[in-house]
């Protein structure tokens, strides 16, 4: 459509579009931090107001209340919000990331071994991890909710602490850097990878923009897409330098950060994978009440253009 | 001497959740300029209520109180009250500031220096010139009462209302303060209405003694004992006896139960 | 009764105010649901809410009773032994400004991620006000009553149980009231931040789930329950105890 | 009559952060079985301290107190104290339970029924038979003191120690209670040590009067006024005068300042 | 001074106890760092910690001063007007058991995701204890002192300022003490749960980041600062005020 075209025609140096972006904290948000450090948004004329949130839930509520224009989150939390009427759509893919179920208990070697009495930590109900675990449970145990009673909702750092202390928690479905931290301890192994559970690649995080912002500020929207695109492109070309820039932000040694950023499966990309698969599964299992009739209900034109290319026009 | 205060047909009723209590029934009397009037009577007879009405802290249900022919409508510094409570000084002010604070409030004295001089004068008067810098908690009970008297006097009220000011003091401190009060009264010529339930105290101090019983003036008599008064003089003993009988009535053993009932009535 | 009526009137005013705000359209209905939706959600989830509420109460029951026991023990010892009194007061100085949430990581470490951590947080938040009030209560027992007790031959534990305990009831009840509010707050907060396990979990976990699933009327239904329980405990249970003890005896704190 | 109590060389010193206060200096006296001894003296002279030592609530710094030749080592129900404080009843117990509770504690009476009978008897004795079901806050001050006396008597102590029990009561209630106390004393034959700073009260009640000053026994005299005693009898007046002078000393105007100083000393 | 010394001794005992536990090897050092690591982290981050602490204090300063103002206003009105007293007491009954965290979503909605939400949470948590204590204080002003005030011709606002306020200082200070502790707790908890906004953020945000990156010594360094600030405010500022007012005047609450 026309709007997609204008997005490409924005040239550097224009000024004055305001946008309020959720600033979140974590390795997967590296491109956003780079864009901020290197001024990629300003380059396309965006005047960014950064807003910090402690959890995806809070960011989603802020999108709903009109307090925020753009945020990043997993596809399942987005779909839950969409189902309930949060006025936002996917504007771009963001990152493909490893996400795995880790255990230290030698008696657990697959999710079939997770008998009542064991406890699995993950960040929250309705999170990517939760849906992935449901998918695996459906496939291997025949019931998507088979493991629900074993779940413990713990923020990542607390989950990792519980795993390392070996207190009460027997498995943790987590992402970098906790994933790397846990796997570097002796005896900790992955028993389920996200890609196995999902059956392919999927976007761990996608970028959302509110309908209002998209419709009222087409140039701002385009500039936002441009900025993220450029940041991702830059990061993929300059991982070393990115690690150097971000190392003080994360308070991590540069080498370690570089290792994390180049870990197998860590892939910063604007392509969106798995939107429809998640939606279908979540509808089937009752996590959402309706299915998008058409992908245009959940994603903007520029995403559709890409998916059309990659997923055969669905 | 001229009449300074007229109390006419004073009634005071209190509405409680269960009933109406009549604390004062048709009280009538006059007080002359510079007079020392003592009010005695059993507990609950309305002594405090009478003083509070005069002070303007309660408004009469019926009747009127006039000071120099102007009716009393609320509290004012022309009638200063001294309470029984040792708690009547402001604990956050020094003794001197407890006296200066009201002086500033009513704008007595032209400036701070003049007010300080005034405060010192009254502290001297009650014998506490050396204690101006102390806080109330550092004083004994008797000293606190003297400060309260000094504070009241410093405002040079027309009438000084004293509600059992020496009630919680031991006998010796009490005797001393009585003497001092008489001295001050003589020096300043202030009019004093003094509530007590101690017969000796009333006789020692007052020109006239009013006996209040169940909210009525039972008797208003001139104190015939000539000053200076001594406890062991025969006039003293006979007035004491007279007042004692008036207060107690002809009490028989059987009455005891009745008295207890009355007490319970009050306690509820 | 008249008081209860007046309180009801105020509650009704608040409810009407809420409804007006919800319908004003100033806030997205998604996040600010009208009363009807909240009530509907309450009735849909009533079983789960009941179960979770009971669960929360049972956790609080456990934690709070430990708190009470420890508080009586420490306050009692502190009254009799000076060094313990100093120790307890220092500990209180250190612990009181610490938000219960800040000690979550340590609780996790020591007690694991289960109920025991939540109970630990409940104990941590209710212990200090309990100790402070009970200790104050013990120290403000009228000296005369203590001496009457000693005159009657009571000492130590007996004096404590038969004189100091009833004599300090007004302070103890204040402590219970504050401690209860803090325990209840802590249990909800701990579950909301910290999560809980799916099979188990109290009303805080209910709130947490509803929030993450964006079922906002459900979240408000949970909040309503929290408020109602708070009012019930305060106005019915504690008020009943007060009316039959310190109010009846006209004892003032 | 036999001696029930021996006080020998009793000294009591209090260690305060700044200094040492000697509240009692070498106090010696004996009390006979069934005697009514009054102790009078100015505030701070050591009256309360003396009673507390006898009650075993303080231990003497020097000297000894013996009851029936057995030295006092701590509190015990053979010596029951009645305090001035209206607060001495347990507010959470009814009047009856305030009496039953100590009876149970010391196991007086074979069973509950017997104890209830005892409690009723003593309530009757102090004229409060109808008030057993009430709580202390529902009683007047005088009634509370009577309950405290009943409680003490119910334990049939050898000695009843009374520390200004009527100090905060109004004159009339006080006179009534004095009469009642005399009645009870006659009926039960209990030994009473009665602290007061009211001279009339001491004369009205006691067989002997001990005058305490600055922690020393100034005088221990037999009360020569014959019972029944009347305020207006000449013997009464002369004993009153005598005690009054003893207590006050030959006070001159100049002494006033000194007295104030002493008060301040106490307040610090 | 002797008291401060004894408190110090107790603090030293606690530190030694910590160090022994940390070195015992019972807990993974990653989660239970020895003192040395905590101190090192403190010194590395001292600038950031200082900045964030000041930031937190400035937020608390804003929220707490609003709380104090509103509390005085409401308590003052409640003393004079019965319906307001009823309204305030009902509101308190409803709000007190609500954990500040549970109102986070609503705060977000009404005040946006910025500092204003955190300030709102600070106000919410410190307001109720402030009102309760100030109101209690006003009501327990000795009747005689009030009447002396009236006898001197004071009424309304003047009576309030010149008599009731100083006379209720002991209660007001208790309220400030509790309110301060709650405000401080709320600000840390809110930032830890809720994040911070803009480029800014207080000590709670520092804790959050350190925990997020599993830099546990840093998290404990943050906790230490929270404790120290709590102790400073309690033992230095509030103790100073107390020593120069109610202790000097021997006023009891």
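Letters A, B, C, D and E mark the chains in the order given here, with residues in each chain numbered from 1 onward.
Basically, contacts are C-beta pairs under 8 Å (C-beta built on N, C-alpha and C of every residue); 3 or more make two chains touch, one makes a residue touch a chain.
In UniProt terms, the chains line up like this: B, D = Bicarbonate transport ATP-binding protein CmpD; C, E = Aliphatic sulfonates transport permease protein SsuC.
Predicted, not measured: the structure shown is a model, and the values here were computed from it.
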item	value
Given chain B and chain C, the chains that contact each of them	D, E
Required steps from chain A to chain E (each step between touching chains, minimum)	1
Minimum number of chain-to-chain touching steps separating chain D from chain E	2
Two chains joined by the most C-beta pairs in contact, as defined above	C-E
Per Cα centroids, the chain farthest from chain B	A
Between chain A and chain C, centroid-to-centroid distance (C-alpha), Å	38
Whole-Å gap separating chain A and chain D, where each centre is the average of the chain's CA atoms	84
Inter-chain centre distance, chain C versus chain D - centres from mean C-alpha coordinates, in Å	48
Whole-Å gap between the CA centroids of chain B and chain D	31
Shared-contact residues (touching 2 or more other chains) in chain D	none
Chain E: positions in contact with at least two other chains	27, 31, 105, 109, 192-193, 211, 216
Per-residue multi-chain contacts in chain A, two or more chains	61, 65, 157-158, 161, 165
Listing of all chain pairs that touch each other, if any do	A-C, A-E, B-D, B-E, C-D, C-E
Residue numbers on chain D that touch chain C, as the complex places them	55, 57, 75-77, 79-81, 83, 85, 87-88, 90-92, 101-102, 105-106, 135-137, 155
Of all residues in chain C, those that touch chain A in their complex	27-28, 30-31, 104-105, 108-114, 193-199, 205, 208-209, 211-216
For the chain C and chain D complex, residues of the former touching the latter	142, 144-145, 147-148, 150-154, 162-163, 166-167, 169, 245, 248-251
Touching residues (chain side chain D, partner chain B) in the complex	42-43, 127-128, 131, 138-140, 142-143, 168, 170-173, 175-176, 180, 197-199, 231-232, 237, 240-241, 244, 247-248, 256-257, 259-260, 263-264, 266-268
In the complex, chain A residues that touch chain E	25-26, 49-55, 58, 61-62, 65, 67-68, 156-158, 160-161, 164-165, 177-178, 181, 250-252
